[in-house]
Each structure stands twice: as structure tokens, then as C-alpha cells.
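The structure appears right after this line, and notes come after that.
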Amino acid sequence: MEHTTAESHVHHPNYVKIWAILVVLLIVSVLGSMSSIRGVVLAAAFGVAVVKAYLVAKNFMHINVEKRWVPYLLIVCLAFMVILFAAVSPDVMRHSGLHWENNAAKQAVESGMKNAPAKHE
Amino acid sequence: MQYLFTGMAMALIGGFLAYVFRMQLGFPNQHVPGFGLVTPGKYNALVTMHGSIMIFWVAMPILIAAFGNFLIPLMIGADDMAFPRINRLSYQIFLLSALVLLASFLVKGGAFGGAWTSYPPLSAKGAYNLTPIGASLWLVAVALEFVAFLLGGINFTVTTMNSRAPGMKMYDIPMVIWMIVLASIIFMASAGPLIAGAVMLLFDQTMATGFYDPNRGGDPLLWEHLFWFFGHPEVYVVLLPAMGIVAEILAVFARKKLFGYKTMLYTAWATGVLSFVVWAHHQFVAGIDPRMANIFSVTTLLISIPIAEMVFLYIATLYGGSIRLKTPMLWALAFIAEFLIGGVTGIFLGASGTDIYLHDTYFVIAHFHYTFVPIAIISVFAGITFWYPKMFGRMLNDTLGKIHFWGTVIAFNVIFIPLFITGAAGDQRRVYSYSQFQEQMVPALRHLRTTSTVALLVMLSFQVFFLINFFWSLRHGERAVANPWKSTTLEWTVPSPPPHGNFAELPTVYRGAYEYGLPGRDTDYWPQDAPN
Amino acid sequence: MLQRYLTGASTYAHSIDHLFLLIAVLVGFWLIVAECVLFWLIFKFREKDGVPTQHITGDEKHLVKWITIPHFLVIICDIVILVPAIMVWYNIKQFVPPIDQTVRVFGQQWAWSFQQPGPDGILDTADDIRTVGELHVTVNTTYRFELMSRDVIHSFAVPSFRLKQDALPGRTITGWFRPNRVGTYDIQCTQMCGVGHGLMAGRVIVETQQDHAAWMIRESNPATAGQQTAPVAPPDGSSSATVAEVRR
Amino acid sequence: MSTAAAKPIANTRSATGIPSAKLITWWVIASEIVIFGGLLVIYIMHRLGHPEWGAEAAHTNTLAGALNTFVLLTSSLCAVLAHKAADAHDGPRAAKLLRFTALGGLIFLCIKGFEWTTDIHEGFVLSSGGFWSYYYTIAGLHGLHVLAGMIIMLIVAADAAKNQELQRVECIGLYWHFVDIVWIFLFPLLYIAR
């Protein structure tokens, strides 16, 4: 397996430093979740998630030094998922549309919202 | 090989199911020889199982797995798959899935009868489908089968990408290998959501969740989307390998280089990508937002362009050739001729306007049988008759082969052309008896149904010729030389059948796969591994 | 063209039939051309001794044009088909003409039941007429249907109307039709809905004004409404909940 | 390499320049993206369509989730350090680090188990409503991947300790990082978002 090790002799960054950054980001997202403003919570949570994912993919998975088409392959897979969302959400996410109405879902939302506060402890 | 025989066995079962329910349709409510009386429940189970088996346990294992396993190492000049163990594992899982499916015939309540699309809530609640165990078994079987083909497909892809013989560049890879790999990739990228969805449906069946239960915040339409997001690419998953097989045979028996090899490849890629954005044309009237239907109508007609171009290229390949009408070539040409019909009738259904009327009628049935029979039957016979010498070291009997060919193809057309008409006259699918529908009980339609049934009997009976030919030749066929068809690709450079490890010493590739009829050479073909 | 196989009994039947005819002509023409070319080539270039095969890569300009020209013709045909197809779709499924009457259609295992306003012409009043398996409508009246399912997915199809729409549990899907020919026509369920799927039939009875009025009087009069039947109880509680809230 | 002899030449070839073992790992990850992606896409669209689920999401134990994220990140660190060691042909060290990684996975599963037991004690089970169905399904699927990763990792570690099949260290690492990334997205989706 010489060619293996020879091939995967990537420059190894300081992994501990990256790990530290990731942990800090994690703390940020948790603190963000404490905030009462919904926008802040989501921004903190998902913004951080994307950054973390990027860091892991780049530094731990070495996707940046991998052959060009590998990231492309993964991105294409993600793109298909985006297509799936785009085409399905009009029917599933929304509960009414042109000449149709999802009464059951609407009812579920209503009843859910009604006794939602009760569920809080 | 194992895949081939498993697939053939399943094909026989699927054929038998078809025979039973066609009998019911042709001669309603009569005792069917070898089965008995067909009750509505049994009828549903029959059509469901016929659909599932023919697509998941016949078309895919034979076209992708069987030919893939056999051809990929040989054609790319490798001694084996890159990961032989994964390969074996994938077959074992596949076999298990097949057994699970067959087991569902025996359980209480019988096999699942909710159509191969298995829409919830019908498939989710035993109270609705009355075959709770069958439904779960069906789902498990399909899930296992998917896992098997994920493993297998990824293995094919890696093998082809990495294990090619030195000198074999991207555009030297034979078309059939390209197609099988492409199909594997499409499958891999489309099956995921359905695997997740299948787990959810299984939970709905067994653990009382409500993923698809409208009364509990679920949505039945979700499954339809997930199913067809996989289900439409699936059509191309089986189509592309079939096209590849036909391409090989055309080139060999017309002694011609493929017309526009690269263009063919690009159209295949285009088809693969486009196939991910057309799925909702199966759901035009399924309660999706009517505005979405327009988008999908456009994409659906778009995909007709690369496919049409591909067929043109195949036809153009014949130009200037010297065509030898051996049995494999007959099958290959029949594929093109029949697939054209299947292709053009698809336009009726892709056009949202007419689909309102034709959706779920026998017109649809006739249409997709005109695509799937060429794919799963005609091209498979083409492939088997073509590679049989290599697989078993014996030649098939050409006369028997031709009898089988003509019987099958003519009968096939007589089966399905009447169904176009009954469909246009409003026959709906999955109806076990039209006695309830005055409009469908007119004598003309009844006769058409009977005709099609009789033709099916003829077609099935002609398969006997094939079986005889196949098994007789195993023993008594004349011995096959290494390269009986004078072909250029690598698998013909090894003795038939190939020894373990395939190649005595692994070949080096010098040129593309289809160098036929080059002027100024003494032979009219130039093998890929010949230095000069 | 479809008319030959099945009478069209609604206003949009003919538009679908015309579209069908258009597509049939276009693709039929191309099918025949392609098959002819195929068989001509097979015949012309069959094996003849002494005739070597030509070495064609498929990059020759004078030959490639025989691919590109049909290629563009296919695109043109696609467009020619697509435009009317979407227009037909729009007129049937998206655009709604002024409505004269509303009728509710319920699918359940394995029957169709209908709810339409009684003499007062308003839904959800005491005199609503509920029928099972039979839908009585007046000719040349535009009906709006509200389609619901009580258990599984069904599909409400009236072939003679060229009408088809799936009924999804939990949803109300609306559409319209305008019968223009008196007679009795089949209703089929075209979505696998269980054991009784093949028997899930119904009838649309298109009547003249007078007949329909007479029928309505007969139905809404408790004495004579012998054949008036309440919808069959759905198989299990969960779906009856759906029905309840659907009826709200 | 002792076991290399047993392998077919096909396995050792590398026309793409990426060794087959690593290539197949990438393909597996791609297919996993589609599986998890599909599930998450479905979940997200339901979540957006059903605001009332937010109240139920409030019951999830954000702290446990955060702790799990931390555990996974740390184990990922161990995995990548193992890869580094493998590149340096230091098999035993790689093995040690891999075992640490697997330990991380174990801790992850323990925390998850504790979390689920409390949830179930509070009466939230798989079938108690849309959010919980998705919560258990998604997390469960991810948990299965963690488990599988651990098992494979221990096998690889056993080989690596003998300085065998060192290229596998990187592959299992890749897979582990992917599982980590999935969790990085599950954490906000299932725990934080209200």
C-alpha cells in the first residue's frame, strides 16, 4: 500500500487548534440558544453549524486537498436534496394551495398551538 | 452468474403471476389452471408482486448486477472486482431480500396487495390493506434489496474508476460498462430518500407512528413524492444498461464503430441528470398543486430530447455497416424498434393535458411495458445470447434462438397493442373485473382483453424454446472459441469460459472499443489490446 | 379520436381529445419515419460479401447533420405539444369557470358517496341530499366538486367526462365539470384502494332540468326517499374523525 | 503488506489516483448524504409547516445534546490524529487513538441512552406525535451509524496495532467525521430550534 500512504501525505494542520475553535463555536451556539429572540437563536445555531461543518470537512476530512471532483460529487448530492425540498415543500410544507386545502394538517396545527403553552413546564 | 439464475427464477415467477391475472382479465371469474379462482384480494396481490418482482428482482439484478459482475472485470481488463467481499455480501443480501418477498406469499393474509407503489395510508394500516404482515415483508424486502444494490453499485463504480487496465482511458471504456456505472450512480443518488421513507413507513406499520397518517400531522402525499423521486430515476437505472448491451451488439454485428460514442455518452449523462427532475409526472392528478404539474410537464418533455437523440445515434450506427442478422442482433434491433413505440407513447402521458384522462389507465400499462419489456426482456435476451459463449463456453443454437425470438416479439406486440386501445377507451389499472363498469363491458373491449391474454399465453409458451436452448447448450452446444463474434472488446481475448482471475497476464489497452472496418487492415476488427 | 372509443360527456372532453389527436399525429409521424429508416438501413446494409463496412466515427459533418436536424425537429415538436398540453391543463385544473352548483364527493373503502344541496340550493342545510354510488347532476350546469377521502387514497374518475382527480385523506381537493350530454356514465376509482378496489364503481346520471327537479323532490321528501341511504360508516374511528372535521 | 497478496490486482490499481479504499469511502459518504439529506429535508419541511412542534422540541435536553456534540468533536479529533499517526507509519499509536475515538462513540451512545430514558419517562415515545417520531427516527438512524462506525473502528484498530492496513485508518476517519458533521446539523435541528 505504498501509494496509499504516499498519496495521503497531506500537510497536517494543528488539529488541536481547530478542535478548540470548534468547541468555542459550540459554546456560542449553546449561548445563542439561551437568547429569547428567535432570530438570534436560529442564526447562532445554524450559522455556527455551517461553519463547524466546513471546518471539519476542510481540516479533518481534507476535502480541500482531495481530487477536485470529490467535493463536486458531494455538492451534487446536496443539490439533489435541494431539488427534492423545492419540489415537495409546495405540497407538504404548505397546507393549502390552488384548489386544495390540507384540513387535517391545519387542524393539527390549531389544536397543537392551543395546548402548546400547557405543555411548557 | 448467481444473479443471472436468481433473476431468471424470479422472472419465471413474475411471468406466472402475469399469466394468472391476465387469465382473470381475459376470462373473468373462471378457474385458472394451476392457480384456482382469482379473488379480488388475490388479484391485487398478483399485480403488486408482478410489478415489484419484475422491476426489483428481475430487471435490476440481471441488467445491472449479473451483467455488471460478469462484464465489468472482463471488459476493463481486471482480474476481479475491486472489493470481492463486498460483492459477495451484496449478493447475499439480495438473495435474502428475494426470499423475504417470496415468504410474504405464505404468511397470514397473503402477499401485499397495495400496488408496487405502496401508497399509504393503504399500505400503512392493516385495517385498510388487510395484509399487514405481507405489507411489512414487502417493505423489508425492498429495503434489503436497495441496500444490496447500493453496495453492489458503489463497488461497480469504484472498480470501473480505479481498476481499469493500463492505457484504458475514459473514452476507451465500452459503452455497456459506462451505462452500468451510470445506472449505479443514479440509483445511489435517488434511493436515499426512499430508504429513509421506507423506514418511516415501516414504523407507521409496526410502531404506530403517524408519518403518513393525515389525522396525526402526517401526509400521504409525502410518500408519493419520495417514492417517485426514486421511482422515476429507477426507470433509467434499468434503461441505461439495456441501452449499453444493445450498443455493444449493434457495433459487433454491424461491424461498425458506434456513431458518435462521446455524444452517446453525453446524452446518457444528460438523461441521468434530467431524470431527477421529472418524477412528479407520475402524480399529475395525485393532488399535487396544479401549478407544479406544468413545471414537471416541461421537464418531462425535455428528457425526451436526449433519449431520442440516443436512439437516433443507435440507428445511425447501422449506416454503412454490414449487418449480420444473428440472434443477438435480432434482439438488439427489436429493442430499438419496440423501444421507439414505448418512447413516443410516453409523450401522451408526459403532456399533463392528456394525462388527466390517461393516468392509471391501461394506456399507461401498455406504454411502460413497451419500455420495460424491451429493457428487461428483449435486451436481456440479447445480452444472454450474445455473451452466452463467454459465460458458459458453448454456443447457443441459432435456429432455436430465432424461433424463440420471433415468437416472443410478435406475441409481445399482440399483447400490448390491444391494451393501448382499451386504455384509450377508459380501462383503469388494477381492476380485477370490469363487471361493475358498463362502459368497459362492451364486447369490443372484452375481445381485446381476451386477445391480449391469449397472446400472453403464446409468449410464455415460447419461452420454453429459450429454456431448452439454454440448458441443452450448457451440455451439448458446440464449443465456443475465445472470440466467436470477432469483437474488439477485452472480454473476448480470454478463453471461454474465463478462468479464475480472468486474464493469463493482464492486458494493456491501446485504443477505443469499437474499431471495426478500418481500411487497410487484413481483419475488419482491431482488438483493444492489440499493440498494432 | 378518443371519441371513437368513449363518448365525451363534458365540456372539456373534446379539448383533451383534440390534444390526444395532435400528439398522436405528431409522434405517430415520427415513429413511422424512424421505423422506416431503421428497417431501410437494416435492409440496405445487410451483409453482402465483398462489400466492406465503412469506417465512420460519427464526427463527419455531412453525416452528423442527419442527427442534429431530427434533434431540432424533436425539440420543435416537443414545444408544439407542450403549449397546448399546458393550455388544456390550465383550463381544466387551474382556471375555474363561474360555478352554478357545488357537490361534495367522498371516497371510502369501497364506495363513492355524494352530498349535494337540496331544494334550497345551499349545502350543509337540513335538506341536503346524500346518496351513495349515484350522483345526479343537471346537464349544462357547471358543478364544483369538493373531493375528500375517509380512509385511503382514492381517485375520482369519470372517463366520459375525461375527469380524474385523486382524493387524499385529510385534504379537500376541488375541481369542476360541466356535463353537456344526458345519460348515465361510470365513475371509477383509479387508485389502488384495497381489496374492493375493482368493485368501487359509481354512476353519474346526467339529467335534464325537469328530471333532476323531479328526482330532487323525490329524494328530499322523507316518505318517498326510500332509496336514500346514509353513507356507510368508515372502517375505523380515526377516519370518522376526518369526516367530522371535513364536514365542519 | 502481508494481506496484500490475497487481494486481487483490481483492488490495488488506482486509475483515478485515489486508492480504492478511500474512493469507496467517498462514495459511501455520498450515498449517506442522500439518505440523511432526504430524512432531514422531510423533517425540515414538516417542522416549518408545523409551528406547534416547537413547543415539543422545548422538551429535548439541549445540554445533553451540546455535551454529545462536544464528545463527537473530541472523538473526531482523535480520529484525525490517528490518521496523522498512520501517515507517520506509527500503527500502535494510531490504534490507541482509534480506540479513544471508539470510546467517544460509546460515551455518545450512553448519553443518548440516558437522554432517551428520561424522555420516555416523561411520556414522549416514538408514537407520541410528529416531532417525537422524527426525533427518535433521525437520532436513532444516526446512532446506528455511530455504532457501526465504532465496530468497524475497533476492527481497523486491531489491524493497525500490527501496522497492517494503515490506509484504512484514514477511511474510517473520513466516515467518522461525516457522522460528526451529520450530528453537527442534527443538534440545532432537533435541540435548539424552537
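The first chain written gets the first letter, and so on, giving A, B, C and D; residue counts start at 1 in each chain.
Following the convention adopted for this analysis, a contact is a pair of C-beta atoms (placed from the backbone, for glycine too) under 8 Å apart; a residue touches a chain by one contact, two chains touch by 3 or more.
Computed from a predicted structure; not experimentally measured.
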Chain separated most widely from subunit C, comparing mean CA positions: D
Maximum inter-chain contact count - chain pair: B-C
Between subunit D and subunit A, distance of the C-alpha-averaged centres to the nearest whole Å: 15
Geometric centre distance via CA averages, subunit C-subunit B, whole Å: 29
Centroid spacing, where centroids are CA-atom means, of subunit B and subunit D in whole angstrom: 35
Per-residue overlap in subunit C, given as positions that touch at least 2 other chains: 93-94, 169-171, 173, 242
Interface hub residues of subunit A, defined as touching at least two other chains: 77, 80-81, 84, 88, 92, 98-100, 102, 104-105, 108, 112
Per-residue multi-chain contacts in subunit B, two or more chains: 189-190, 193, 214-217, 219, 221-222, 287, 290-291
Every chain pair meeting the contact rule: A-B, A-C, A-D, B-C, B-D
Interface residues, subunit A side, partner subunit D - complex: 1, 3-5, 7-10, 12, 15-16, 19, 22-23, 26, 29-30, 32-33, 38, 41-42, 44-46, 48-49, 52-53, 56-57, 59-61, 66-67, 70, 73-74, 77-78, 80-81, 84-85, 88-89, 92-95, 105, 108-109, 111-113, 116-117, 119-120
Residue ranges of subunit B in contact with subunit D within the complex: 73, 78-84, 86, 150, 154-155, 157-159, 161-164, 168, 188-197, 199-200, 203, 207-211, 216-219, 222, 226, 501, 506
Of subunit D, residues touching subunit B in the complex: 8-11, 13-16, 18-20, 23-24, 27-28, 30-39, 41-42, 46, 50, 126-127, 129-130, 133-134, 137, 141
For the subunit B and subunit A complex, residues of the former touching the latter: 189-190, 193, 214-217, 219, 221-222, 225, 229, 276-277, 279-280, 287-292, 295-296
Subunit A-touching residues of subunit C, taken from the complex the two chains share: 93-94, 96, 169-175, 242, 245-246
